[in-house]
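Chain lettering (A, B, C and D) follows the sequence in which the chains are written, and residue indices restart at 1 in each chain.
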Amino acid sequence: MDFWAGYASIALFLIVAVLFGLVTVILPKVLRLLGIVPRKPDPVKYSTYECGMETIGPSWVQFNFRYYVFALLFLVFDVLVVFLYPWAVSLRGGGWAAFWAMGVFVAVLFAGLVYAWKKGALEWR
Amino acid sequence: MAIRTQPVTINIGPQHPSTHGVFRMRVTFDGEVIVGLEPIFGYLHRGKEKLAEARTYTQFIPITDRQDYLASMTNNWAYCLAVERLAGIELPERAEYIRVLVGEMMRISNHLMALGFFLNDCGAWQTPLLYMYREREKLLDLFDMLSGQRLNYNYMRLGGVSQDLPPEFLPALKKFVAEMPGYIDEYEQLLATNEILLARSKGVGILPAELAISASASGPVLRASGVKWDIRRGDPYSVYPRLQFEIPTGQQGDAYDRFWVRMQEMRQSVRILEQALAAVEQMPPGVYRAKVPALVRPPRGEVYSRIESPKGELAYYIVSDGGIAPWRCRIRGPSQINLTALKEMVVGWKLADLVIVFGSIDVVMGEVDR
Amino acid sequence: MTQPLSGREVAARIGREIPGAVLLADGLGIWVRPGSVAQVARFLKEAPGLEMDYLNNLTAADYLDYIEVVYHLSSMKHNHSLAMKVQCWGPQEPEVPSVYSVWLGADLQERECYDMFGVRFVGHPNLKRLLFWEGFEGHVLRKEFTG
Amino acid sequence: MAVNPPASPGPGNPWLELDRTEGLAIEQLRAATGVPLTDPAAWIDEEVERGVLLTSLDALLGWGRRYSTWPAAFGLACCAMEMVATAASRFDISRFGMEFFRPSPRQADLMIVAGTLCWKMAPPLKRIYDQMAEPKWVVAMGQCAISGGPFAEYVSVVPGVNHIIPVDVYVPGCPPRPESLLHGLRMLHHKIQTEGSGLKRGR
């Protein structure tokens, strides 16, 4: 019986998560239908806010490449952290084998970071 | 191979938390690096110089309060000093010392706000500001005791001050002067060697000495660039020749030096307050204003008189045609002229540094747009 | 103590270098011919004994039949000061050469003088209204402006 | 509606075109304003038609909105310093749920216009007021915002903010002390409470 208990908590967690998302999206719409939240569409209201002035020029411009490199590096290490969580929780069961397995994984990614560092991608100039 | 990038122009516009009021900069960026900057003024232009021509000499004093509203007393002082020099009015000794007391208290209060907002811009959101506001509230209570107002005091008159010191003022000021060095130590211990502040403001927005002189910078901005010039020493007025105090100057002229110079100036102001307090205590209360007719008629002529306001050289150029109102009253506001070199200080740095350099210049819009 | 220079001495010195530049001189200041303001300014900044490297104040005043542009100069090294004035007569718009190339501090003050008095500073890189918006008619600090 | 940057940054003023359009906007707004806008005091004649069911909902909504109005930092001049003093630790404004001074109008419900409004600042003020989401309120703080104050007769000063945007509460003073600003804000809370949800008019 306790086999399902684990899944029950996950199911509950899932329901709450989905509900939370849905409610925060649906509630303003419902309140608007009820008329509690006033609705006054206005072209100036929907224009971009820039300190009270109109924006100058298009914002789709060609800017420097280094921002893209940073985004890449962040993505790689973000995914790494996602894998670390379950590993960290179950490390006691896995013993040294699990430790070394994850060690290899982290070392490979770390090599990528060292390469980027040497290439000067981290300099902000 | 050079990466071809296009510049983006952004309005750091009239309503922006980092512009301390309604100042607007049209900044052109290449990525995050500033390529061009054009300051735009006039969003708080209230025409004090035109109003001066329609008011008698005494009526104009409350308008000067609203010019640099973080240092109202020194505005009054600069204006009254100019008219007194023009009309040849002699002040009683006690009035001079009360003016020095009040002027130096104003300097401390102004530097507290300047440093508070500068650290706000550095990212220490509200914490140092509320620390420094605690002291400023004490000073505002003292000013409240003196003139009944927290901000625009209208306290000085031609020939002296409007009311004498209330009996409970001197003990309260003495207590404040005794505690203040302890608070300044607390700020320095909290901030002076803080690595985030050092990283963000050391070597940022450097204003070299000769550019500072050529761009007519004055006050802490000029002294931070290493130029040892203070009007209280260079062109002394009132009783400053009798008071001992040093003039702190920085080395590099970067944002950290401006922060450091203001912190040391607060210490010197406390020293001046101690000496002035000692002198005022011996004086008999009573004579706090010279006999001046309500409708002062200075002789024909002009005067350019300047004082060291917390922001720099605050000067009045008054031309009188013998009538009851000035023919021309030009206000030389240090905040506006300190902004002349803003573009040179900021081009090449990033947006985050622009916010810090602008905060370190310590600008009040009432004085910039007059 | 900032020691104001006597206008006559300075006028004599300038007279030797740039003849005809100084029209009048009195105890406190010198009046300069509008055309040669830039020359006199450069001389005042570079002359060995003077070195007026600090422009305290640049403003104008409307005296009904002429507009007088006033420069308050001082020297950081010698701690002395001088007032230089330029009178622009005549019905046409007042024109004065800009001293932006000599002192950077003149930039905003010249734009404000243009905005408030209509004095055109020839040679200023970006002469436009400082405090009022583009398209505002009239110059506020002139005596005839009663808006 | 984005404005395009200058084609060729030649000598003189590269932004002449943009300055001129902004100047034109100011002139138009200046010509358009004459009589001050009436204050939104609809809550006075509202008492009569309210049904029983709505009062409890109105009370709840009024209570919710009243104690969570976030002010937009719109400090123009000296009154801004008193507004900051009110937000500081001594006259703590966060006792009334106004903890945050939101710089952007998107997250603000209340605009405290503190200081002298000049004509050059009028179009940005109107634009930011329009960009705030309903329900929104305006407090005119200080004599300059109410009627132009000591600078009223000057050509570049708007004689009162209610020429540009409707004002809910006027806080007189030059600058008003933090206590009087707090009193003004309490009056605004009373107005929000009795205004209710505005079911009828989508206020």
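In the analysis below, contacts are C-beta pairs under 8 Å (C-beta built on N, C-alpha and C of every residue); 3 or more make two chains touch, one makes a residue touch a chain.
Here the structure is a predicted model, which means the values were calculated and not measured.
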item	value
Pair joined by more contacting C-beta pairs (B-C or A-D)	B-C
Inter-centroid spacing, subunit C versus subunit A (mean Cα positions, whole Å)	61
Centre-of-Cα separation between subunit C and subunit B, whole angstrom	26
Distance between chain centroids, defined by C-alpha means - subunit A, subunit D (Å)	36
Subunit A and subunit B: spacing of chain centres that average the CA atoms, whole Å	46
Residues of subunit A whose C-beta touches two or more other chains	51-53, 55-57
Numbers and ranges of subunit C residues touching at least 2 other chains	131-133, 140
Junction residues of subunit D, two or more chains touched	5, 22, 120, 124, 128, 155-156
Chain-level touch network, classified as line, ring, star, complete or other	other
Interface residues, subunit B side, partner subunit D - complex	9, 13-17, 21-22, 26, 38, 42-48, 50-51, 62-63, 66, 69-70, 113, 129-130, 133-134, 137, 140, 150-152, 365-366
Touching residues on subunit B, where the partner in the complex is subunit A	3-16, 24, 26, 30-31
Contact set on subunit A toward subunit D in their complex	34-40, 42, 44-45, 47, 49, 51-58
Subunit B-touching residues of subunit A, taken from the complex the two chains share	50-53, 55-57, 59, 61-67
In the complex with subunit D, residue positions of subunit C that touch it	125-128, 131-136, 140, 147
